[in-house]
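Multiple structures are listed underneath, in structure tokens.
In the two complexes that follow, subunit A is the common piece, with subunit B as its partner first and subunit C second.
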Partner chain A sequence: MKRARYRRSSSGETILLRSARRIKSYNMLNNVFLTLLFLIILTTIVGLLALMTGANPLDVLYWILWGGFSPQQIPETLLRASPILIIASGLAVPYMARVWNIGSEGQLIFGALGAAWIGIHLSGWGSFGILIAVLFGGLCGLIWALIPGLLRVYRGSNEVLTTLMMNYIAIYMASYLLNGPLKSRASLFPETDLVGRDLWLDPLFPGTRIHAGILISLALLPLAIHILFGRSLIGLRLRIIGAGEVQARYFKLSPGLIVILSMIFSGFMAGVAGSLEVLGVHHRALPTISQGYGYLAIPVAMISGPSAPMLLIASIGLGGVTNGVTVAQMIVGIPSGMMYILQGFLLIMALIIIKIRG
Partner chain B sequence: MSEAKAPIIEARDIWAIYPGGYTALSGVDLSIYEGEIHVILGENGAGKTTLLKILGGYMRPTAGEIRIDGKKVFLKSPRVALEKGISMAYQGSSLIGELTIEENISIISRSCRMDHREILKEVENMLSRMGFREIDPDVKVSSLAPSERQLLEVLIAVIVGRRVILLDEPTSLLSPEISEEILRILRKVSMNGKAVVMTNHKIREVISFGDRFTILKRGLKIAELRSCGECFEKFFPHDIHNDGQGSVAGIVDSSDNGEEILRAKDLTIIDDRGIYVMRGVSFKVSRKEVMAIVSLDGRGVREIAETIYGIRSPLSGEIWVKPGSRISYVPSDTERASVMSMSIAINASMRRLLEKRLRIGSMLISHKDLRSYAESLIKESRIKVPSIWSSMRSLSGGNARRLVIWREALRKPDLIVFEEPSASLDISSIELLKELIKDLAMRGSAVVIITSDPEDLKGLRSGVFFLREGALVGLEKSQVQEI
Partner chain C sequence: MDQGLLVGLLNSTIVIAAPLLLVASIELLVQKSGMINLAVEGAMLFGAFSAYLATLYSGNPLIGVLLGVLSGIMVSGILAILAINMRLDQMVSGLSISMITMGLTAYLYRLFIGVGKPPQLTTTLGGLGFFSIATFAMPLAIWLLLYRSGLGILIRASGEDPERACRLGVRVSRLRLYLLLIEGGFAGLSGALLSIGFSGLYMDNMTAGRGYLAVVLVILSGWDPMKLLPAILTFSFLDAIQLRMQASGLIQIPYQLALAMPYISAIIALAIAGKSLKAPKSLATHEGPC
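And now, the complex of A and B:
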């Protein structure tokens, strides 16, 4: 029986190999099916929400799609996809080792505050100033992630809870700083002064807000993730630790260091995303700097895992939905709470998919 | 007790074959008489537990018949057995952890026609006679210590079994004083006419205690005896009597054919439940030497292997491995030694990849290198693989384990630890493995085998330590087992 299964077929590959392929395509099908189901449920929910607010559901859906993926809206979609992608690539690293950083929102906010503060003082430093501001923003995000990392390794605290709580601390600290020490004297709103004009990341194409940071992140990060997880010795260690405590012990890896390193890496990336929002989009720090990117990146990192194309697709997809909802808000007049409902829903769906996949 | 009486239970020609094809019992006969204490002896895997489970209704025999009072019965569940007066305590798992003590008792009371308050009261009486404080019947069984849970289960079985009490390892987790107390209680109930059938690893404990002994070996009944004076030496040759406490340390003297790699002094190891799996044993292993530790009761094989490999710290004693040694370890299951979701190629190269120093320049894994190494490993270990890029899960259990064995062996280890070497391997793979072990020793590795099955050592020249309950019970030096 067994021998027969290894008999070579006419095409030269073993039959077992072909059946393995079939299983793989079945999995692909399964994923496509899940994604479709996911989209159908998503549409239904949007439709229901629209009905409840008295708008025409088809209108709302049309404007969300138009706002997300029509040619003239693509630049705005990419503008939103970029921070999601940056944060999600950072999160993919600890998630591979099963360290669940949920605190990107706070790490992003801290990064943005740091970049704005130093950006104001680096006026006149030019591109070197940009580099310093981005790195400093990353460092601020890193510190915000380091605290829960240390708590997990040395105190055994559950990082899901600590990172989540750190978000609220960051939000309220930002509120204090923007209303107090960092508040611009020239403005009535809780926001900082503008960073030095020479530190702005200017649009590369007229009529858009596409800056260099967006293009660099969209081009380089998927590649970097692919190399890290597919080809590197560090990715290998992350995957062993992600496989379980027993395996980590067998291969004599100490999870502690890797937990902390992967955690601060994701914090750094969230901080960088925050800095780019400051330098490239708003040119200052303000309370609404994030638009929920830190939360949106979580389902992206969870669904795409170590797959670089999925990471890119999911980021752009979510960036599009975010932008589409904003556009639909202005045109059809659905309430702004819609965005938060969708975000929460997406996170739940991501968790369900993870659960189904095992 | 007299032979003239008809037996309560008569089991004839009982066969038990597990779904995987493993034959646990091959045609065993057993008669149980009123008022006797019947002890079933045998090594690990002899089929003792299976036999009890069949009598207690926990398992159905593949073939054979069971008669109670001469009438053929079908024990389709523990409940049916209990209605017929047969109770069983089955290594901590006959109680439901999620329910409280009282809830468990009330479930049992429904099938044995006793009031649950009566049972509870009786349990409390017995416990208080043993010097325990009152128990709280509202406590969940899962929150009890393993030993408390076992004690409770045994006492309940003793109370609710109207005619026959089946006890699988009733004292395995209990302290000597409480064990003695349990045995005293069992003696008392047997005087009142109940039959007690028990298995016991602590052979010395029951040798003077039983009225009848059935000895099983690999699913066959090889003897039934009225006393077990000499059965010890006869059927369990590995159990050499020592001072009875079993705390003797022993050293298998190596014939000084190489440099010393591993040395342990008064090594004491406990498992995660706190049970002693090795008590004060000393040994040393040199290059070109094979040493085996046989745990006759199957305890602590993993813990001992992990301690020698260096990922578990012993409770006391010293363990020394020559500094700079490369240590390999083949656990009994593949999953612990691989990442099942990753490819066969990566798993084959795992050790080499992790040994590489992390440097910026050499961070990347070369696919060409992965392929060539995986192919050579597959050739050496003679396994069949769909594609080296498919995941470890696509391999059968035996092939996956062979991959790990050869991965560990081909890295030229100074010391290699095998845990249950024959696990999930078929006969021809076991022969290949034995050749590999000889080869490893010849090329200068120190080999340590930890196993619960002495058969694993057949044909190997090695020093052997026999452990029971973690204590050293026998030594054999440079033995060639030719059975």
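And now, the complex of A and C:
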């Protein structure tokens, strides 16, 4: 805590020093070590939870590993990793400026609803329709993130609280829309009609559910984020704003616009993830469209930042764990609720890791 | 409007307001000391769950209340370790604790009770009339504590400028820790009220965001205990009216809108009143070096 003693000094030199400390680049080796630590703690928690139910912890761990990373489960893992990756790439941007957008879950749901709604009306438009549906879903997510962004900049409201509330509003609104105006007449369940058949993103490989959106996002997105924000002037500006108000003023940056832009960027990405879930996986909007992806992406974005390898490793790893837990729940019969526990622990781990990095 | 309806409305207003008042007034105290506690949702939920479980197995609601309070304190203690000791982000760590409790209660619920309808408790705390009304005095007590006592000055000082307060001899971290633990106890009690007090039932995720709501109501009251009471009463009264209308089937509002209403109104209120609300200057920051 010695460094913090500089806080009271207001000379230019210390401000620069502090900025430099905050804006140091991400260290690969360090990251790999931290990820391993992450995984070890994760398995311990799962083992303890399994022990409570009386199941054999090794059994549960085996099924989680099998369900996450065995060759025949890899496609499903990638299917879950893709939304996490898309959302986390979006979140990495506001997180660089230390704007903690917690609302990806709501932004994803709202985006998915938008994409499903427009997808129903666009049947017959083909691949152009897919583009419009994805963009419209992104736009819906963007709007959902714009409100907390504006509130933060113009009203000084804390974004953690407002985005959290927006999540609740989105969940209730989805429940209303899926039971009411958007409900399919042909279905007994709260879900929309299927989107137009020509708008479906079909599986690329027979027997899997891997669609083009997954491959494109896995191949291009981390790289794009890395180049656009990891080593660029925009990224530097974001980090300076994240370092604090004093630093931002020192470099003559006004945080307002950049904060809003980074917020809506993350919202857009969450909306896109939601639309891809609709077009590629479920072909309609359901209440369970997001399996906690919005919350799972938060720790990924926190620890990896705008670093392509870290984004990939962390989201595929987490996608595997998510899939593994679902498989283990079915096979071993451990009660549900484990996913929430893991989400919470992952968040705390991510907080600890970014604290260690300083 | 006949008299019976009015009495019913007031009754349900009190039932809705009492748990909120218990939590929100102490949350106000905690926020005045510079902490923001989102784990309060988790503390409430865990309190509700363990109170229900303990009453179910022991048959004595007092043991349930005791266990509820203790488990609330425990949940708050975890936040204290993360946010005060390890200096992690207060809001995100509080949120993750609430998530963990949500998962853990669901997990334990399946273990102990299984799927299906939860057994109705035969022994609940019953009427609670006096106790519920007594909670209405909480904001006044908090006001007296904050503005008419020495301890109040210490609390406000550590929320406004913890470094200077620390230099003048206030043990800021310890003060915040004690306040957090007290809040945990009250949150556990309020959770117990929900599960074994009014209904005698426990459902998954029973608190349904009431803890977050308490935090929001504190912010909307502008960190003023005297405005907290009207804020909570207005909200509870509207909620009671809404529930009554649902039950009578007079006006069909989608129930989801009613559930989302507190959050929507909070967002609108923040948009209107945002800048005029005077937060403690060092809210959600860590105690600096001194």
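Going forward, the second predicted complex is superposed on the first by the 319 of 358 C-alpha atoms of A that agree within 3 Å, B and C clash if a C-alpha of one lies under 4 Å from a C-alpha of the other, contacts with A are read in each partner's own complex, and residues count from 1 in each chain.
Here is the rule we use: a contact is a pair of C-beta atoms (placed from the backbone, for glycine too) under 8 Å apart; a residue touches a chain by one contact, two chains touch by 3 or more.
Keep in mind that this is a model prediction, so the values were computed, not measured.
**Student:** On the A-aligned overlay, A:Gly344 touches which partner chain: subunit B = first, subunit C = second, or both, or neither?
**Tutor:** It touches subunit C, and subunit B stays clear.
**Student:** For A:Ile227, select first, second, both or neither according to whether it touches subunit B, subunit C, the two together, or no partner.
**Tutor:** first
**Student:** Taking the superposition on A as described, I'd like to know which of subunit B and subunit C A:Ile331 touches: first, second, both or neither.
**Tutor:** neither
**Student:** Who does A:Leu236 touch here: subunit B (first), subunit C (second), both, or neither?
**Tutor:** So A:Leu236 only meets subunit B here.
**Student:** Quick check for you: in the superposed arrangement, does A:Val246 touch first (subunit B), second (subunit C), both or neither?
**Tutor:** A:Val246 sits against subunit B, while subunit C stays out of touch.
**Student:** Which touches a greater number of subunit A residues, subunit B or subunit C?
**Tutor:** Of the two chains, more subunit A residues are contacted by C.
**Student:** Going by the contact rule at the top, pick out the subunit A residues touching subunit B in the complex.
**Tutor:** 6, 14, 16-17, 20, 227, 231-234, 236-237, 239-240, 243, 246-247, 249-253
**Student:** Please output the residues of subunit C touching subunit A within their complex, sorted ascending.
**Tutor:** Per the touch definition, subunit C meets subunit A at residues 36, 38, 82, 86-89, 91-93, 95-100, 102-111, 209, 212, 215-216, 219, 254, 256-257, 259-260, 263-264, 266-267, 270-271, 274-275, 284, 288-289.
**Student:** Applying the document's contact rule, which stretches of subunit B touch subunit A when the two form their complex?
**Tutor:** 310-311, 329, 331, 335-342, 346, 350, 353-354, 356, 358, 363-365, 367, 384, 386-387, 390, 394
**Student:** With touch defined as at the start, can you tell me which subunit A residues reach subunit C in the complex?
**Tutor:** Listed in rising order, the residues of subunit A that touch subunit C are 1, 4-5, 7, 49, 52-53, 100, 102, 147, 151, 154-158, 160-162, 164-166, 168-169, 172-173, 175-176, 179-180, 295, 335-345, 347-348, 351-352, 355.
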